[in-house]
Amino acid sequence: MQELINRAKELLADGTVARVLGYKAGDLPYNPEPAYFESAEELKDFVYNGFCGANLSKYMIEASKLEGKTMVFLKPCDTYSFNQLLKEHRVDRDKAYIVGVGCKGKLDIEKVKKQGIKGIQSIKGADITDDAQILTIQTIYGEKTCSYGDAMLERCHVCKGKEHRIFDEQIGESKETKDAERFAEVERIEAMSPEEKFAYFRSELSKCIRCNACRNACPACSCRKCVFDSNKFDSSQKANVDSFEEKMFHIIRAFHVAGRCTDCGECSRVCPQGIPLHLFNRKFIKDIDELYGEYQAGADTDSTAPLTDYTFEDAEPSIVGKRG
Amino acid sequence: MGSEKKQAEMMKEISGVNPLKCMKCGKCSATCPSYNEMDIKPHQFVSYVINEDIESLVNSKSLWKCLSCFACVERCPRDVKPGKLIDAARQMVVRQKGQDYLLADEIPELLDPELPQQLLVSAFRRYRR
Amino acid sequence: MKYSYYPGCTLRTKAKNLDAYARVSANALGIDLEEIEDWQCCGGVYPLGSDEIATKLSSVRALHAAKEKGQSLVTMCSACHHVIKRVNDDMKNVEDIRTRANNYMELPEPYAGETEVLHFLEVLRDKIGFDELKKKVVNPLAGKKIGAYYGCLLLRPSKLLSFDDPENPTIIEDFIRALGAEPVIYPYRNECCGGYISLKEKEMSKNMCEKIMESAEGFGAGMLITACPLCLYNLNKSTGARLPVVYFTELLAEALGVKEEAEKEVQA
Amino acid sequence: MQRIGVFVCHCGSNIAGAVDVSKVAEMALMEPGVVHAEDYQYMCSEAGQAKIAAAILEKSLTGIVVCSCSPRMHEATFRKAAERAGLNPYMVEIANIREHCSWIHKDMEEATKKAVILMRAAVAKVNLNTPLQAGESRVTKRALVIGGGIAGIQTALDIADAGYEVDIVEKTPSIGGRMSQLDKTFPTLDCSACILTPKMVEAAAHDKIKIYTYSEVEKVSGFVGDFTVDIRKKARSVDMNKCTGCGVCQEKCPSKKAPSEFNRGLNTRSAIYTPFAQAIPNVPVIDREACIKFKTGKCGICSKVCQAGAIDYEQKDEIVTEKYGAIVVATGFDTIQLDKYDEYAYGQSKDVITSLELERVMNAAGPTHGHLERLSDGKAPKEIVFIQCVGSRCADDRGKPYCSKICCMYTAKHAMLIRDKYPDVNVTVFYIDVRTPGKNFDEFYRRAVEQYGVNYIKGQVGKVIPKPDGKLLVQGSDLLDNRQILKEADMVVLATAIEPNPDVRKIATMLTASIDTNNFLTEAHAKLRPVESPTAGIFLSGVCQGPKDIPETVAQAGAAAVKAIGLLAKDKLMTNPCTAQADVLLCNGCSTCENVCPYGAITYEDKEVNDHGIRETRRVAVVNNALCQGCGACTVACPSGAMDLQGFSNRQIIAEVDAICR
Amino acid sequence: MSLENKEFKPKIVAFCCNWCSYAGADLAGSSRLTYPADVKIIRVPCSCRVNPMFILRAFEKGADGVIMCGCHPGDCHYSTGNYYARRRMTLLFSMLDYIGVENGRTRVEWVSAAEGVKFSETMNSFVEKIYSLGENVRLGDLRCKS
């Protein structure tokens, strides 16, 4: 962490950047929040640890409008999102000074809590420089431990790789965290009967409160104004009035980001109801890979996106029924 | 539905042939190796079905002269398949009890030492139920 | 190369040599023909009535047996090939027949036309390749002028059998060339010999066979080859063996130098 | 709120016979915005249009719905009627209650219910319609004709004679097309070259006509009135300006084994060649595949013998880019491949030929110098059999489902010419039907039978059997005598089906012109607009649109020319206002729409916007209304809904969906 | 009125492109090739104009089946529209299948202006399929079903 702060101070001091986009501590030991720092003084509040899971790429849309460069800390997976935004002309490469930060997996406090660890006061072993495999957690009920791996976000278990796709400099080491198949969960659902699928998604989606957290966190869902907030489709709505609307919302949301979603997993991370929203996006990614050739959004800035591309031999929509 | 009509419908059903597709070009008759032995000629089959005169068709000599060689089926430009119609007529005959064209009694005198099983089997299939 | 093999009734009786020459030649070519167990006669003719089921079941059994082994099904006799290939097509594409046949058969897993049906000639052309075959010939049949007699069953209906061009086939001619002999092309090679009609209408069949023979002879053929025991019988019977007619496998065995081996087997 | 009038057409009994039209009108009055509804016998008639105009004026209507036939039939009619009454033409919507309702639903109650729903959907849509103004675009006063056969030549001449510039692009080294390969023409039996050559010369000499031979259309962009076309001038290897057409190079060329395209491969030509003596331009090309110089680097004889120094081995393909206001397709036809018809022994015997090959055999400039002889042994035939409908009227994939139209007549012509010149030759024609509609056509056919003794047999041929002695045995049926015929012949001539030139699909794709399953170009209306493609600015001339003979082709060529002239005569064109529009406040500037636009109509600009008081410069999509054709691909690609299509807006379509599902 | 006794009359929305499929439907009409009146056609310029929102909206408002028809691939009046539409609909249908909506309720068919017969056959078979699937209970705002 200190290395990041030192580097930030240097770049602020020599005028390379006008501000630093990083994290400051939140009100709890596990909820650091994104923040701007404009001076060495302000950087005393800077934190960076395993709980800094938020994808800062999306903040660069606004930062690109500001005067001067913004120094931003991006994990390997965040750089895919940055690339995708760059491709869509939403961020300005010249306005960003990208520090690619090493990653050994990001933590999910819900996973810790699920292990019965409550009343958390402080957590050790979550700093990026720590080599610790174990989190030591001070709670009001005494000290508890939890393995780092067990506390990791789902997305880190299916990590796309620890290589930064775009950066100005890199700080910190990464550690491979992938130990699960990316599409295993999608395949599990695909194998269900229609009734089971329907029951599964109905039960998951009935939890949706339309708080729009998924939309707000998603770097691909970055429209100036969402169709669900405009009158362009007579679809403007504030709250769900029936069971259909959340389905509509989530399907359309997934469709709008299809071929653009980098599978960063922010939607699921921020959902207060714990809905595995990434399963929608990942279904589209799987379909695209299978039908139109493997495609990773954000891997580069010049490939043709699958939904703006075609071949004469493309599968017919009837393939959906034939695949069984 | 009259019985003639019913029989004609059955013919179409069994054969899967739509006789209305025929444009009466005569290519089937031009092709048929058994043409001279037939009383009702291949190109006429469709008319009998359209006119619902199945009676004449099932009583015709042609039924037992067709070789099922599919030359007419192959060359028909209208995808009518007269050979299938004939076979359907044959089916209608042999499906009626006692209407077999080949009787068990007559077999021994038809045999000779070289005659392959295949011939008997095929003939049975085509001529008997 | 392992295949399921369906010999058919006549190859175990009057056409033992068609079978023996084929098996011995297959061995020489490194083709493993595994005879399927408890096969039943195919019926000899394909039941044209679109509502026929019972007469198709023996073919379905053979096809299913090959599917169980994960092998293609190889046929030798033109008639068996015709019947089995067409029944297979029904099982693949005609829902009504598929459903009814499967209901009747009560197979552990329904059969839906998965098996590939190959005539032995197709194996030679598409799996071995005539160029390869040519390399394996030890006893080229040089100087022989041979007419291919296709008959009707292998070629038609061409869309279903997809064996060769129904009006101008080349597979047996290419086969003859591979064996080192010279094919004689004559227009009657795809005309019917009369087939089963020879049982009751000997005169008709005779006329047809005469036309075939005359045409082949006229174009200079010294012998005819065929894949069908019934064609062979009709051609021999009706024309008093004007030209010798033999099975294609006999020439194959001869060219591969294994003819005697096969003949011993037939004797035994 | 709109003030909407609904007009329900009876279409005689076409609609009223199955739909309770007064009920539809009655129900319309219950729809939001509807202030007027009536039904009438024929809304498209003058009286019907007058009723619409009267209602618009009397009730101050802001929008109308006509429940009638397909909008593809009369939408334009009703729009014009509305416009005359002062209503914006795009405030008109059609509910298709004929093709999509009364003609297919027999139950009156059911059909009426559906008609009401279709009416509701149209009312719901028109409630959201906004007046649209058609834009204007310029017209380039020059036409392109693709194909230099008789169709293309005639079209070009007619356009040029009207005073407009016109270019002909012809793929082969000379104009002339199929007609130049014919010997005589029916029903007058005049020599084809004698009537075609003057036209070719006239076209070449016309100061308004430019001819690109040995050239192909490579790329087409733009739209009606303003097409931009890339033409590839293939390397001729001969300098057009220097060549004098003396022909010495062809004489001296040592490579003479290339099959002659002009003679249908029946004989050979040299590697440097003009296809035929009257070729225009009379400048040879080098067939680089056959040329020894190109194959081995050695030779160069043509260059040595050319006094004019016209041979240029270094010549390269050249791309010429030109602008056109109208494009006429005249790509013509070829005979089908006969490889699926081996029963006729075409591939097995040289004495089985196609009718087009017979044209070359009969022609004095052909491979036999006009002598009728067997191609196998050069002997004079005594018995000739013609087989009609080879590959025509075929329901399977071996041939074509249509009648090729010209074969009955040219077969009669051939039969007659042979009997005339060689009275000792017997001619037999196997036919299914003899089709001779046309002026003096049936008389012509009867003459073949009555005067020339041609033997017509009704029945098709099953097989042509080559015999060891070289004769051909024709096995056919005689349906009238009910017998199977075995006829010995010396030659068999196949009246082979014709099909559109295979290149036409590629050209149609470039032009975005529709094409049917047989590769014939589709006309805008089968009866009323037979020489126009549905794609504006594209016209059809000759067999590319459907089988036809020479007089018909020439007539259609003239008609296509008139339509093209009608377009070129305009200074400006009204453009379709149903184009995409970007809402700058919603646009993300992401370029997704740009990536799916087939017309390059979307560009991105940095624009100053005022978003609820915030002024900032944003990268936003801008649609060029002259280029946009209104497909809507961009509207769905756009995630924010910033891109919408006028006339088919998101809200309009959703209103229709809602009305149908109500 | 009890729901069970009510005869099921499906609501079916067909989006047809103006150039091919709408003309194909016109041809079906002028050839008097019948298909059930349950089908209601919405004319769009091109299949690529069909937004997944429209399809979901139809289901929301009570449609039991939605079919989209366009020009055959390669024949699009706008050259490429149906290619995009094909990918979009493939993904959308796959998603609907994924969340457990019966696959038969959505379909894409390519129908040219010359294929009146195909249009009518397609609509007949699609309507038959919807009848066999019955009322759409998985999607849709229940208030829209009366």
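Things worth noting here:
Here the chain labels run A, B, C, D and E in written order, and each chain numbers its own residues starting at 1.
Just so we're on the same page, a residue touches a chain if its C-beta (ideal position, glycine included) is under 8 Å from a C-beta of that chain, and two chains touch if they have at least 3 such contacts.
Note that the structure is predicted; figures quoted are calculated from it, not measured.
Taking subunit D out of the picture, touching joins the other chains into A, E | B, C.
Between C-D and D-E, more C-beta contact pairs join the chains of D-E. Of all chains, the one whose Cα centroid sits at the greatest distance from that of subunit A is B.
Using the mean of the Cα atoms as each chain's centre, the chain most removed from subunit E is C. If you average the Cα atoms of subunit A and of subunit C, the two centres end up 64 Å apart.
Centre-to-centre, using mean CA coordinates, subunit B is 25 Å away from subunit C. Rounded to whole angstrom, the centroid-to-centroid distance between subunit B and subunit D, based on C-alpha atoms, equals 45 Å.
Counting only residues that touch two or more partner chains, subunit A has 227, 233, 307-308.
Multi-chain contact residues of subunit E (touching two or more other chains) are listed as 51-53, 57, 74, 80, 84, 88. Of all residues in subunit D, those that touch two or more other chains are 343, 463, 596, 637, 650, 654. Listed by chain label, the pairs that touch are A-D, A-E, B-C, B-D, C-D, D-E.
Residue ranges of subunit D in contact with subunit A, taken from their complex: 583, 585-592, 595-596, 604, 611, 616, 619, 637, 639-642, 644, 650-651, 654-655.
Residue ranges of subunit D in contact with subunit B, taken from their complex: 343, 389, 393-396, 398-399, 432, 458-463, 475-477, 479, 482, 484-485. On the side of subunit B, the complex with subunit D involves touching residues 21, 23-32, 35-36, 41, 43, 71, 75-79. The residues of subunit E lying in touch with subunit D in their complex are 11, 13, 18-20, 22-23, 25-26, 28-30, 32-35, 37, 40-46, 48-54, 57-58, 61-63, 71, 74-75, 77-81, 84, 88, 112-114, 120, 144. Those residues of subunit A whose C-beta lies close enough to touch subunit E in the complex are 189-190, 192, 194-202, 227, 233, 235, 241-245, 247-248, 251-252, 254-255, 258, 280, 283-284, 287-288, 291-292, 306-312, 314-321.
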